[in-house]
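Multiple structures are listed underneath, in structure tokens.
Consider the two complexes below, in which chain A is the common component and chain B and chain C are the respective partners.
Right, the complex of A and B next:
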């Protein structure tokens, strides 16, 4: 499987970063203001589509989505 | 501690806006400039060394400004704008995250008599264009991260002469019409000639959405200060030693009326957190800065409720003494929850972009009825009128339209370039905000809902028309209808019903593609959180899409009269 971290990072850069801000696996996405709480819904949808999973709404918290690393941890919980 | 308002009932009896005018030392016919009142005047009152603004960024970096610092910084910005040829009544857009330049730029623009046009920095290029075109904005002050959105639409905006970048990287070239302005290194201007503005001189242009048509530019004037100053003092109860935190973004009216004008004209210290939402981070911020007065929004409060009670216990929040909320109705559960975890309730305040200041509210010291909007601010005559006769109800408990007698100082003066729509906001001598409510036998107002199709998501108004128009620009979309659907945190979110053009098939990928298309074009708020692909939309026989039917379905309400519905 292509590295999940790279896929998620590339998607975040493509969709949510307008300029050349550097994103690492630890960059705070929600608390850092890169992805707002409304946009989180589209990021969640992307992950669900890509990995064919369903993330319960109560698990999709700003904290759980706050970095590429944290997102990958969450996604892995739901991949069978 | 005695509240500023003291007894509400006593204040109502003999109220006159002169109370505010006297405290501000301003008489009818005198010059009045919000920029000066928020900075120079506070310094003249002996508070030059008092902290005005404590700003914290997302990485925890901090900047502190005294009142003398903000006086000089706003002078410097005003001076720079003048050097570009910006003059009174020119529109200058502020398109920035919640960085200090946004707050200081706002006051700098007002000092030279130009009109500040703050826009939410998450707006996409289409939302930005529509608002800049309507205002024929001469200059935009922004950050390098937002410049690509401006560049994208630059060719369509010959009137936009200056793109002022406050954090330009000198290693990169500036493009057409772009200029760099660095507040830290800009010449410090100690004395600036303040433009002689008066009560009716235009000050701020805030854009708000309606059901139909394009967003409307709500024009405010410098005289609005008279309302904003006193409502801040009496409702938010700001006192000299308070540390205040307004969580609103100045891209919206709360962020300017009560995030800039109110606190600074009262000479208090305010904190700003420029970071995304996280319960831990918010509580840490309150603990660190010992926030005493906190003005936030139901969406944020419900997000905090969702994060649970345990996280609250990790922090010392004992500094908090007064909490208030705005943007959408505050449900009684949230009021009761805040009382349980913070030891005090959030007091709901009601107003809108057009009113410029709080008009119906719960006051410190008043009996709180959880779920109620409270009572009219002294000096505001508000009632509920019959939707058909437009006469105030004689009996209590009846649901009708909220109506306010025009004439308070911060009432909008018009919609920019749209006097016709402005006039329609008045019926039978009343200003109609467009909300439905009832009044109980003790004079408390109870919010029922909007009287139109506008979607209030997280306290921000979204026009279904704008979202539908954006959807139609997507290559796969044939028809669209946009309504609200219930949401625990945001009260309402945007939902779209879409029919597809031949050759396109509904799929999860297309769903996400359309969501992102609208997000980038308009804003994350306007992005449908759900898209339902349908074969056809309910229409009247004349072909008009019946949003009402789709709305009723989402909210589990009666569909009502369908006699005009087109046959299948």
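Right, the complex of A and C next:
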């Protein structure tokens, strides 16, 4: 299985980064202004489709989506 | 009274902060009708200065057209000043319905509903026609009024990269399971002056069974061969599900807007759109003025043809002078300066030369993309544009930016 961190990071770069901003696993995505709260929805849907999970809306908070590391922690909670 | 010194101080600090950040907006008082030649009091209290206006949305030069002014006078005489009612109680006159019918015919849609402004149309339309089971997929550069309307709607919201059709298609695939999908875009993007690829978007919407929404505020009346809008330019008249537009720009410049499109969607707005239900509609003199505007534009394409020629002249002149422009073919011609302070300095110097043009910088446009946004009008004569061009060249020489590339300007002045 591909590394989840790399998959999520690649998606974030492809989806949201339009210049040469460097993204690490700890880069603040939402509080850092890279992902706006509107655009979180596509990230949530991507994760749900990719890992065949359902993330409750009240768990998909800006805090929980604020870095690649945090996103991966959240996803792992819901993988059977 | 609960407006304490503490509360007053809090707001004063916020306003001071805006001033210090260079984000404080100052109004300039115009003492003449809106036109190519205007008289301006700026700074406040100074004597009037005659300048050429190249920053109005007066694309067709109809804001002070004598026939439109006359029609508004007549509307005032025959239908009064105001309605003192929302539409569905006792605020609908024969001329409101007449204007809706004329707009429907002009845009090539099925039906139309008027709103007090296009801001209101965009604020009300999404919540009126979509539910939490649906998804709105919008271009990332849509107008602020659309963003506000999206925020007021319970449907899911996603975005696609500006004018990126492959990205839009991936989003339509991602949200395939939604009850309804609505793709949302501006027709002409107001800051860059580029147009949405409505032919490709219509094809994608057909392929993925999605609705297509376009805000054509910066297009209605002059984009397309007969000025019907961006959908005419791209050959997809009749394929738009919803068009919102304004009467506050090319179509007379006063106020008011509308939602035009599929008759059931328009009817949903009539039943559910809150800005329609809970505010007065357009005042009778303005309705009469817009009716005259549509009569003028339906009779001849003379004004949009002149606008097209003026735009070509302006764009060619600036390009040959060596300015960096945003590419496009609409009357919105952004002169790129990249640096915020430079955009303010150039705007100030142009004003000294008798040219009224405003510098835009972050957060109105992205960081490092400061510019002077020029807007051409059919109300401009060639002598206006020649004088404006001379002033741009003089100021451009002063700052040594003529013939310089984006990179060179950034090296000289920074982002």
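Rule of thumb we're sticking to: the second predicted complex is superposed on the first by the 80 of 80 C-alpha atoms of A that agree within 3 Å, B and C clash if a C-alpha of one lies under 4 Å from a C-alpha of the other, contacts with A are read in each partner's own complex, and residues count from 1 in each chain.
The definition used in the following text is that a residue touches a chain if its C-beta (ideal position, glycine included) is under 8 Å from a C-beta of that chain, and two chains touch if they have at least 3 such contacts.
Only a predicted model underlies this, so the values are computations on that prediction, with no experimental measurement involved.
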Of chain C and chain B, partner touching more chain A residues: B
First, second, both or neither for A:38, with chain B first and chain C second: both
Partner chain(s) touched by A:69 [first = chain B, second = chain C, both, neither]: neither
Partner chain(s) touched by A:46 [first = chain B, second = chain C, both, neither]: both
Which of chain B and chain C A:27 touches, first, second, both or neither: neither
Which superposed partner A:61 touches (first chain B, second chain C, both, neither): first
Overlap of the chain B and chain C footprints on chain A, listed as residue numbers: 18, 38-39, 41-42, 45-46, 49
Chain A-facing residues of chain B, complex: 58-59, 97, 122, 144-149, 274-281, 303, 306-307, 457-458, 489, 508-509, 511-512, 515-516, 519, 524-525, 527, 529
Of chain C, residues touching chain A in the complex: 150, 156-159, 161, 171, 174-175
List of chain A residues in touch with chain B within their complex: 15, 18-19, 21, 28-39, 41-42, 45-46, 48-49, 58, 61-63, 66
Of all residues in chain A, those that touch chain C in their complex: 18, 38-39, 41-42, 45-46, 49
